[in-house]
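Letters A, B, C and D name the chains as they come in the text, with residue numbers starting at 1 for each one.
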Amino acid sequence: MDDLIKPNPMDENAAAGKPEGFLDRTLRNVRSAWRGIAGSGYDATTASSRPDLPESDLDTLKEQMRACLETRGGEVSARARAAALGHVYLALDATGRERFLNVLAHGFDVDPGPVDAAVEELRRAKGDDARRSAHTLLKRSLEAPRIKLLTQFNALPDGIKFLVDMRAELMGLETTDPALAALEQELKDLLTTWFDVDFLELRQITWDNASAALLEKLIAYEAVHAITGWDDLKNRLDSDRRCFAYFHPRMPAEPLIFVEVALVNGLAGNIQALLDENAPVIDPKTADTAIFYSISNAQKGLAGISFGNFLIKRVAETLSVEFKGLKTFSTLSPVVGFRKWLDRTLAEGEPKLLTPGEGKALNAAAGKAAGAKGVLKSLLANPSWPENQIFSDALYAPLLRLCARYLMEAKGLNKRALDPVAHFHLTNGARLERLNWRGDLSPRGVKKSGGIMINYLYDLSRVEDNHEAYTSTGKIMASSGVRNLLKK
Amino acid sequence: MDDLIKPNPMDENAAAGKPEGFLDRTLRNVRSAWRGIAGSGYDATTASSRPDLPESDLDTLKEQMRACLETRGGEVSARARAAALGHVYLALDATGRERFLNVLAHGFDVDPGPVDAAVEELRRAKGDDARRSAHTLLKRSLEAPRIKLLTQFNALPDGIKFLVDMRAELMGLETTDPALAALEQELKDLLTTWFDVDFLELRQITWDNASAALLEKLIAYEAVHAITGWDDLKNRLDSDRRCFAYFHPRMPAEPLIFVEVALVNGLAGNIQALLDENAPVIDPKTADTAIFYSISNAQKGLAGISFGNFLIKRVAETLSVEFKGLKTFSTLSPVVGFRKWLDRTLAEGEPKLLTPGEGKALNAAAGKAAGAKGVLKSLLANPSWPENQIFSDALYAPLLRLCARYLMEAKGLNKRALDPVAHFHLTNGARLERLNWRGDLSPRGVKKSGGIMINYLYDLSRVEDNHEAYTSTGKIMASSGVRNLLKK
Amino acid sequence: MDDLIKPNPMDENAAAGKPEGFLDRTLRNVRSAWRGIAGSGYDATTASSRPDLPESDLDTLKEQMRACLETRGGEVSARARAAALGHVYLALDATGRERFLNVLAHGFDVDPGPVDAAVEELRRAKGDDARRSAHTLLKRSLEAPRIKLLTQFNALPDGIKFLVDMRAELMGLETTDPALAALEQELKDLLTTWFDVDFLELRQITWDNASAALLEKLIAYEAVHAITGWDDLKNRLDSDRRCFAYFHPRMPAEPLIFVEVALVNGLAGNIQALLDENAPVIDPKTADTAIFYSISNAQKGLAGISFGNFLIKRVAETLSVEFKGLKTFSTLSPVVGFRKWLDRTLAEGEPKLLTPGEGKALNAAAGKAAGAKGVLKSLLANPSWPENQIFSDALYAPLLRLCARYLMEAKGLNKRALDPVAHFHLTNGARLERLNWRGDLSPRGVKKSGGIMINYLYDLSRVEDNHEAYTSTGKIMASSGVRNLLKK
Amino acid sequence: MDDLIKPNPMDENAAAGKPEGFLDRTLRNVRSAWRGIAGSGYDATTASSRPDLPESDLDTLKEQMRACLETRGGEVSARARAAALGHVYLALDATGRERFLNVLAHGFDVDPGPVDAAVEELRRAKGDDARRSAHTLLKRSLEAPRIKLLTQFNALPDGIKFLVDMRAELMGLETTDPALAALEQELKDLLTTWFDVDFLELRQITWDNASAALLEKLIAYEAVHAITGWDDLKNRLDSDRRCFAYFHPRMPAEPLIFVEVALVNGLAGNIQALLDENAPVIDPKTADTAIFYSISNAQKGLAGISFGNFLIKRVAETLSVEFKGLKTFSTLSPVVGFRKWLDRTLAEGEPKLLTPGEGKALNAAAGKAAGAKGVLKSLLANPSWPENQIFSDALYAPLLRLCARYLMEAKGLNKRALDPVAHFHLTNGARLERLNWRGDLSPRGVKKSGGIMINYLYDLSRVEDNHEAYTSTGKIMASSGVRNLLKK
């Protein structure tokens, strides 16, 4: 899902020198708000004046962490001390934070001694009960002490957001240190438990109920089709549009993932038409189709903890109850890996990629001799081919066929569909419903998807079977229309 | 803490034949409400007609559990299936539930194969990184599959309450089966993570803000000094009384633990006076002392997951902000193990337990010859001794001294104070402040505590040091008044 | 409606010497809570020490009132001063309050001078525009200055409740002073505007959502079938029962009027059966009938400002949406004026009140000679007649017929039905549906209604026509069953 | 207050042909939202197809209104019918609405007959009681029936907003019809009662708590210093800025009046500096001064119903509690009538308006001969004089002095200060504290106020006395600094 569901780049710095646009400003607003909240009440003189956490501070830090783990002064005091450490972390610069994380990862790792002792006990265990008891002992010995400290950071105001962001930063470190990897994994395990989908709250976000602070985050986090301003945003919340998000009860102002839906008649095939602020509005009560046209993860630190499947199905249920006329639930999605795969395929020089008729037509369009090689590659090399009607017409048949082939036949590991968005929806039990020629003529749409968009259809009565077929055998369900495209 | 903080006996059956009193009725109300909520939408024909889950059903059950674990049909479907299994569980009788738990415990245990393979890999690992990687593998291999199913039960309405109650039932089983013990431990680990104290919400419970359904639970769960009716309850919430509880955001109608506080002038020493509904009310703004006179755990299934320390200190902080005149924070607590210890000590026949003067006075009071043996034991054997002024006067000095000795000197494992309530408050950093003669003349108070109550003082500026002294060396902090009692 | 919708007697004193029962205690609780709220922050030394507001204080009071009316020191100060006066009023005893009200009524009355001047201007006005302008002037001149002060009392915490209660006290004064009557009328006009039904909020009151403080008020205010305790109350809120009330946004803790509804199958005819806590509960989803069995005004100070009509119809709509199976909406009501009317009719000695057969049967039952006079009167004189099967059987036919006659034919002013409850429901457009013999055998039911209860049917498709027929011509709609009872 | 507190022009049409800017778009958004809400459920075929309400529809309309007033079919039906009429009104165009209002005003006016009868009764009344009773009768006879219908419109969703807007439209009609004026006055009386200040809720509006829909209204309604976009708005809500508004409980999404405050050190004198988004932010905890720099009425239909006085004082109290360091509360206000008054004064040719030195300096600056006439007038005629340092320096002394004179000495009716903003704050008890040269160099600031801004100081310990002095004798309180400016 690297494109459809792209995490939000919270930590990158504004590009130097570039004039700051609407989105940059919005991102900056959101970031500074969080720093402000997190930092409230913090007065760590050392940290703020020595934000790179020099060597000389590391022992102090380690000692403070140890005091937390030993709950010196009692649990209440230990939590307060952990919160202070969290404030220190927030006041550090990138170097300082990496050092902080290293202390945590290396200073409070699993102790090999007890592990080996427990292994020895397991070796000597006779009978099921003794084994079980040895298992328990062994499991405890494998729990790194730092996990306790992670939990204690929860004492920060917005502590859970702190941990989510700490994981995002761990993931962003360019390192292969297995201790840091283990720390990151422990954080993921903790967050997986805390962010169990049934703890989350599904909320509709509207112009009338959402605060500006929350809406600003939608603008910042939208990863698929950028929101260009408050008017564009309003257009995505009002009238025949809906937006839903999951929230955690202890992060009520932070969307975890959100989906944008258009209520329309018939499958929508063109994203620019869908997003046009001046397009006529329909009465949503008359709509027969809900188009999920954008779904964005808002928290990089929750990568790999999946809510998208639940979100789509619960939103579909919720909309069904409100709008009795809805019969069809479908996405309008990019084919994000298509051009990359096609370029590689072209480079590999696979013969007979085109039918003779297609080759001839393409060469004619390109003004080349019939039979000239490499016409597809050279036509596509010019990103403005969609603006040329002759090129576009000649590309229509072969690109659609190759796109269908990419989606249906290109496989990665374990029989997974190579396209990450396709893999996400197929795992959810959706099927490939329709390819839309010239569905996304934005520069990015042309570059990644050849301008093609696809509808993944969620037929709630079929998703279980589709899911099973796909996950057990790799079978990809598709409409006859999509399957027909495969034929030359 | 077996007395001060006693869990609520949710699952015992109403005593057959006994006329149902106010408390029984309240308990029944609370229980039936929960069954009602949990059962909504349930239609498990089999389970309700065969509530003992006969042998022939066990394979079906196991197969359903496996389908959940394999997330057949996708995650959404798997969760729905787990919820249905949860409804089955709720419809079972005690035999059926035990069978259900056994399937879960034995059918989805840790698989020894991968454990042994991981152990072997660890044995062969060279270097820190390889060891770390083997640790990770080993840790994963030790996670029983049933843990995933426990999480999936969260899909039930009130799923988290379901798991809390399931653990309570596991704890109530009279079994030594280590697989069930492991399941119980896994549930405890899961709940420990979910019920992290910083996820909880501290709320004041008042007559004006709390629903009848919530207040009914306070009546049912109060474990220290039973609430005799709605007027008694109102008296504990209004005017110069306060009640605070912790709540989990996903169990908003269920208190986890609650504390009752009286705002008074000077240390309160008598519980009957404190609870008297007709006692004059003081203006809480004039109070200098907050007496924590009852603290009750409301969820048996959260046993061992401790909130009491946090609750007392956060409530003390909250009250300090509202009532600037408060200078002293103290409990009024029973000495629940005193008489049991004293009886054992008497039975052991320790010489010189009494001073000669005390022995003489007691014998005189009892109408026995001076120097007769066993007078203390025989006087105490009559539970109505407090009503006899002569007995009571003669017992005053020796009982108080022995009680102080019990609290200060009687030790259990690891230098812990033998008295569980004392251990709880000492661990929190409180100190023994004052023993109150005739502080609780209820039958239970006389029977367990010899009628004595104690004030544990929370001096917030000292609790860290007191905690450290007690937990590291076993040193028990006490006022000079209490220490003086030890002297003969 | 003196019985069905009886205001709550807030201000009567507990009967001296009588042992205080559950209801007394509840009323006392409610009253003291309100005094507490209203009095917060009050420190009117004079008033509390001289609660009868002696003569010597009256000039000061009048001067203070004048300062409010002149908004001395600006509007903010004037409001603060009015609030202080309100606190003084609350601290006064009955004598003091009456004096306070007299100052308000007589000291700040309409000034005749401007009225006469405006009348003179009207007399001289030529043409419509001049008349209109004179009307406006005249209207202003007729507004008493005290009205402004009434509005300023709104600055009290719970100011609107203060004014509602002040009107209740005005209504309770035994006086014929027209100035006080005018003050009361002005207060009514103000409250009528503020309590416009479309400002009110209709809320369902449940065991789960309502605070104990609110529920305590239901117990105190229930005027038709007294609530005997918390278990009885719970029984009226749960399972197959519903309770709805109107609230004002500025009196959120005070119900204005509430209705209790039973969801049953078929028309319910017996109130004791309906209120039985041990009666089996039905699944409300299977109910076909909603019985409105009690409707109580909670605020004496809102007498004459009617919400009952709206309440019944909005609750009927609300229930229809939730329970699709409901087909019938009906009350179960007393016939509160029946026995009083019957006794008068008997006293008047109307001939042929009974058929010969009835007379004979009654005399036989009473052991009197056939043809003896006065048997009906003498049988009814014994309030325990319902316990005697023979008496009861003999009374069946004549009492029902006479009751039907009373309801259908006994008229008061303007062709209104004489029975106040009947008049209320007939004005709402309901019809007389069924008389229920032995429908209410409580002492009060026997004494007032002859043990008979009636169902008023609300057929929402007919209420408009029924209302028009009744209000324009006095025609009373009734089922054929009720009409047949009239025949001898 | 025509400038400081300017109502929002809700009903004007977007200027034809002009490119739509940010504010136009925002206004349009707000308007269409309200139409949408109000129109929900409306299906008045006639009205929408004949939006000018032709003659032939007027009788139908009148008949419908009469049915409402006679509560035909009962009160519930009458309210429903009134709501339908309200929907008709909303669907009409300007012509149709004026006709609708005329039917209401003329068709349901006061009936002269009963008025004359009541006057006659008053004439004949003997004694106080008879007079009082005649007064009551007369008052009732003067109440136009249409008032009842106004109240019934409350049954619309957002009915109270409907009435507020209806009054705004009545005020906008260019008419001298006294019947329409009477209707408008009746509406004002009704709204005055409903919008009693103690029914209102004071809320702080923040970026975090306010919905986009609400914030959009602030942008549209800000009448003093236009908000240029979402970034500007955020800058006015965050960090060292605060915004408070009054709301009515039945119009929770509509601010009635709002004030913007800057927390600064020392009196702020320049509005452009205050609004600069890039100005450094101070920690509000260190501020000693709160500057009320903008206060806007948001509802034209509430004109004449004053909340501003309460708003300023309650906000001052609220801020005092949160920020203990605040010592000074002051406005930064325009002198909106200064230039108009000055131009008139110059036109009147008052001699010795300037000192000789000033005249010379001005002529020198203007390059005119010493002693030339009319130099002040000609310099000011060029709106860009502030950009010319020489002009500006020469104008400094005379303009400030004349401005002080305008504020202190120019009087309107009843000794009121001529400047409406000054009159507003003086009535509130504020005093003239400081004139700020070049305080507002926006085109509007230069045009209306000569670029000068003034601080009105709210010393809460003095406002009562100041108010009394001003309202009783017209005495204007000013600092010595302002008073000194008067001296030549």
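Just so it is clear, a residue touches a chain if its C-beta (ideal position, glycine included) is under 8 Å from a C-beta of that chain, and two chains touch if they have at least 3 such contacts.
Keep in mind that what you see is a predicted model, and the values were worked out from it rather than measured.
Touch-path distance (fewest steps) from chain A to chain C is 2. Chains making contact with chain C as well as with chain D: none in this assembly. Chain centre most remote from that of chain B: D (centre = mean of CA atoms). Chain B and chain C, compared by their mean Cα positions, are separated by 49 Å. Chain centres here are Cα means. That of chain B falls 61 Å from that of chain D. The geometric centre of chain A is 43 Å away from that of chain B, both derived from CA atoms. Within chain D, contacts with two or more other chains are made by no residue at all.
Touching chain pairs in this entry, ordered by label, are A-B, A-D, B-C, C-D.
Of all the residues in chain A, the ones that touch chain B in their complex are 72-77, 79, 109-110, 112, 115, 119, 122-123, 129, 131-133, 135-136, 138-139, 142-143, 151, 154-155, 159-160, 178-179, 182, 185, 190, 193-194, 196-199, 249-250, 306, 309-310, 313, 427-429, 463-465, 467-468. Within the complex formed with chain B, the residues of chain C that make contact are 25, 29, 207-213, 215, 230-231, 233-234, 253.
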